[in-house]
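Take this structure, written in structure tokens, and hold onto it; I'll ask about it next.
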Amino acid sequence: MAQIKNVGVYTSGGDAPGMNAAIRAVVRTALYYNLEVTGIRRGYEGMINGDFLTMDRKSVGNIIQRGGTILKTARSEHFKTAEGRKLAYENLKKRGIDALVAIGGDGTFTGAKVFGKEYNFPIVGLPGTIDNDLLGTDYTIGYDTAINTVIDAVDKIRDTAESHDRLFIVEVMGRDSGLIALRTGIAAGAEAILIPETKTDLNALYHKLEQGRKDKSSKIVIVAEGEEAGGAFEIGKLIKDRFPNYDTRVSVLGHIQRGGRPSCQDRVLASRVGVAAVEALLKGHHNEMIGVINGEISYTPFESAIKHNTEINPALLKIVDILSL
Amino acid sequence: MAQIKNVGVYTSGGDAPGMNAAIRAVVRTALYYNLEVTGIRRGYEGMINGDFLTMDRKSVGNIIQRGGTILKTARSEHFKTAEGRKLAYENLKKRGIDALVAIGGDGTFTGAKVFGKEYNFPIVGLPGTIDNDLLGTDYTIGYDTAINTVIDAVDKIRDTAESHDRLFIVEVMGRDSGLIALRTGIAAGAEAILIPETKTDLNALYHKLEQGRKDKSSKIVIVAEGEEAGGAFEIGKLIKDRFPNYDTRVSVLGHIQRGGRPSCQDRVLASRVGVAAVEALLKGHHNEMIGVINGEISYTPFESAIKHNTEINPALLKIVDILSL
Amino acid sequence: MAQIKNVGVYTSGGDAPGMNAAIRAVVRTALYYNLEVTGIRRGYEGMINGDFLTMDRKSVGNIIQRGGTILKTARSEHFKTAEGRKLAYENLKKRGIDALVAIGGDGTFTGAKVFGKEYNFPIVGLPGTIDNDLLGTDYTIGYDTAINTVIDAVDKIRDTAESHDRLFIVEVMGRDSGLIALRTGIAAGAEAILIPETKTDLNALYHKLEQGRKDKSSKIVIVAEGEEAGGAFEIGKLIKDRFPNYDTRVSVLGHIQRGGRPSCQDRVLASRVGVAAVEALLKGHHNEMIGVINGEISYTPFESAIKHNTEINPALLKIVDILSL
Amino acid sequence: MAQIKNVGVYTSGGDAPGMNAAIRAVVRTALYYNLEVTGIRRGYEGMINGDFLTMDRKSVGNIIQRGGTILKTARSEHFKTAEGRKLAYENLKKRGIDALVAIGGDGTFTGAKVFGKEYNFPIVGLPGTIDNDLLGTDYTIGYDTAINTVIDAVDKIRDTAESHDRLFIVEVMGRDSGLIALRTGIAAGAEAILIPETKTDLNALYHKLEQGRKDKSSKIVIVAEGEEAGGAFEIGKLIKDRFPNYDTRVSVLGHIQRGGRPSCQDRVLASRVGVAAVEALLKGHHNEMIGVINGEISYTPFESAIKHNTEINPALLKIVDILSL
């Protein structure tokens, strides 16, 4: 293996708070080990277009606390073609970039896996997605911030729900994953949580809402985007039909969940895996995602990481039932 | 005029952050002047049902910082009937309540105006609504908190908009009023603001979005609910048709705008008018809303206050045009 | 009067949230009117050192929501000398800057006043200070954010005070001004407020703390830095001596009050006066601070603006007494 | 072992955000299993004074999002005596309380350990302290909120530090533990972290501050309260002596670190261990703290839990060095 001299770093797919902290960590660690660092803008699109910038310590000054990604992000259809990847490879070579740190989720790592094999290019990945749905890490960068954003919003909704004795159906992000819904449902004191991983039992939901009605003035139901009955609006319609005398409202939290200053834990996680990513490249790792499991750095092959984590802790589901009674 | 001995206080209509600070101020001021105070739950509904509670200093301890209203709020169809108001009057009399402080918006004051005349009952009102659409006060209780909640959300949306070079259409509250949209549009650095008070010029909007596109990667358009072209989803559809290559998203902020810890200014305003309301009753005022104009307490007859403030400062509209260039 | 071609903009003295929004407004308005704009770094120090940068629309992109000042700020002893000001003048001339917008407080405007007269140089000022102690504007840029930061902190302190039945002495900023203390004291539901503008009556304070003790478990006293008895630590010591069985704690909020994302109102104010400043220069105004009084733009000669606003609204002081009972 | 019928719950020692979420979980879980629940106010003091209240589902409604503890907390010297504990035991017996859930830190568990043995009384504990210094759980309730409060404050301080090119010494809580300092130091992008667990190497600190000075305008040093050189003021004095031309400021964050709405993770943790505590009592556990290790509920004898966790992950310390360069 040739010695690494110039590390390229990029963010790709949906943005997540803490990506800037990860970029900062990659850049400063590379410099610490006397490597050059090149920022690649807009992920794979930037590779294909040669949208590169040399990064120094100052490029990443005062960004650890900022949401979004200073390198911007995109999804690239072009990179899914062999021709797109060839262009990318040639640009990287021309620029002297000889290793990559990819920050993103399953789409990002799928691209990295293919490209890494095709061109025998050293790539490691950092888990950057609010969905927390990657295998190989306890948490992904952005998840902790997103769940705090959700409960901040639901706390506000609860103020008005309590004042009006209303039932709110609140939709949170998670097309394939109920992990945001699960923790925020517990933390918001929700009556019920509807997630894609479990079959939505409408009768159980109706029963619960009826039963609780007697002595609880307001109610919150948290619905993950990808829930099988069709999301918050659909559930809201069903509940309004069933309980026409309830004052039922729907709120879709939407894109606020992607932004904001990263939480302390997201910054620490991003910093840890950012440092470890560069050190892993130097030790010869490639095609692996760097995560943290049980407090220790972990290395997971891309092909394993991108398998969706569909395991929902049944103990957490039971907590919702016990505490919302 | 008979001497006042027992002041009833209630919140009615849409809730607004700072209502609790207002309740606290009314209760403590009444006690300061050796009056009794009775809380009426759920506004006019509670009057009709006799849902009363005696309040002391402790009833309002540690609530100044809480969103919502501890007295709960509701809209009442029953109170619009003479029969409903008769029931309310009898309940108030039975309880010994001989003056009222109504906290709410135009619906609240319309009810107060009719009831006050019908039964010659001393009532003053406090402007409690996030919409800031009442004449007779520079700001309503809740408006300042709501606009801060909006920009907090739009700042988050901007993080992701910047990262993806997206155009966001963000809908804020204001069925009849563009005042939330106007200030938050300026404060969020929006490209354009669409409000009910002005005719929406779609061509001007398209022109602006096109023109700015060249060197500005992300864009925010703030739309008030009541905007004439049909709100954010409708505008979003039109823009997607016109600019199919823009990455356009719609976000409806919804009920988070009603909740949350009240801002400093909302607490100060609520405290000032709460104190002034009780003092006004003692001085013989009735059928008036207590507001603050140019830093001084003001008294406005209910029938004037409920006329919607439709005046939009043209200087503020021009600022949007200059600064979004 | 020669036509203005190049406006210099700088921030000086203590920083305040919203200064960036003001810089953005000045830059974009100048460009709107086809002027050039030059940023001057670190206030008068930068003038003396020729620390200039040409600003375009992008220089001020995505800064409206950021605390601090991208132009940095400083206090300059050198500019107080004729020789320093001569250097500054020569640098400005060399660079082609023919008008200035100064953002800051009384120190900033004192310098501007002297320099403007000495070299007949067109300067207008924007009120940028968290202290709100300038005549000629209802609010200064940064004040609204600072008071929200204070009540956010005091709400947290109240949580622990309530849990432990403690008395907290909280010191807020305001060396010569009690305006931060006054509004935050009302909004935090404080028992007492000690400010530089009024003589601190310790016996009245003791009496109040004793009286309230019986049925109120926790207490907050807000002390302005410049309070005559010596600030929070001194007051804390006196109270501990007098009431050895109270669990009394002191908290000095310090520099957090200067930072943070500006509030909606601070961004709107900064935007309005920023636009108005450039328009004022074009209309021939100089030696004036641009503020907002009763909702309208106002122009106040520097020599009047820098006279400290020592007027404390007695109605607000009385509110503290009534509501803390 | 006799069957449990009435669970007493109390908070003791320093309060921590999330204690209310823990109380709610204990109360609702006990009711779910058809037990009675008694709240004990002010910890051991309340046991000695018989300050009890029967709790139902509504007693813990709408508190999951609140800082502090609705049961209040205290430190008790009286409970350290055999006579105090006897009084407590008699009160518990009289009231019919036959098992206890103690929420607090090492002092709380030390008391619980002694009392549990002395009277063979079933007690389990929940880790409620912002310090995260207990063995037997990855995180304590309140730690996650506290570190987010710290970085929120340091982000604000950084705004003003950047604007003025200042060096800030920021003191965070942690009399015996550097765990708050360590994570917040990483997350705030601090130059250096001084903690009680490691010897403070002043020369290394000076060297670092000097070296970085050249191209970094502002600097943050995070100091834990219990740091051996004497805390932030002492360190600040040393640095001012050494670098008289640096603009050095000290900020002690203080009690704001104990308050505020609990973070999502703190609420989830509190809910999980609250449920598990009641279930543990029913299964016959006692003298154990209930924590979460590697995502699973864990049971640790009080005598092990109260041994301070003094282990500082060296990988995290190294990250500070790499990333602050």
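Just so it is clear, A, B, C and D label the chains in written order, and each chain counts residues from 1 on its own.
By definition in this document, contacts are C-beta pairs under 8 Å (C-beta built on N, C-alpha and C of every residue); 3 or more make two chains touch, one makes a residue touch a chain.
For reference, the UniProt names are A, B, C, D = ATP-dependent 6-phosphofructokinase.
The structure displayed is predicted, hence computed values, not measured ones.
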item: Chain of greatest Cα-centre distance to subunit A; value: C
item: Distance between chain centroids, defined by C-alpha means - subunit A, subunit D (Å); value: 28
item: Whole-Å separation of chain centres (CA-atom averages), subunit C against subunit D; value: 35
item: For subunit B paired with subunit D, centre-to-centre distance based on mean C-alpha positions, whole Å; value: 39
item: For subunit D, residues that touch 2 or more chains besides their own; value: 155, 158, 162
item: Graph class of chain-chain contacts, one of line, ring, star, complete, other; value: ring
item: Interchain contacts, given as pairs of chains that touch; value: A-B, A-D, B-C, C-D
item: Subunit A-facing residues of subunit B, complex; value: 11, 15, 17, 19, 66-69, 72-74, 149, 153, 155-160, 162-165, 168, 217, 249, 251-260
item: Parts of subunit A lying in touch with subunit D, wherever the complex brings them together; value: 21, 24-25, 28-29, 31-32, 57-58, 61-62, 64-65, 138, 144, 147-148, 150-152, 155, 158, 162, 183-184, 186-189, 215-216, 261, 263-265, 267-268, 271-272, 275, 294-295, 297, 313, 315-316, 318-319, 322-323, 325
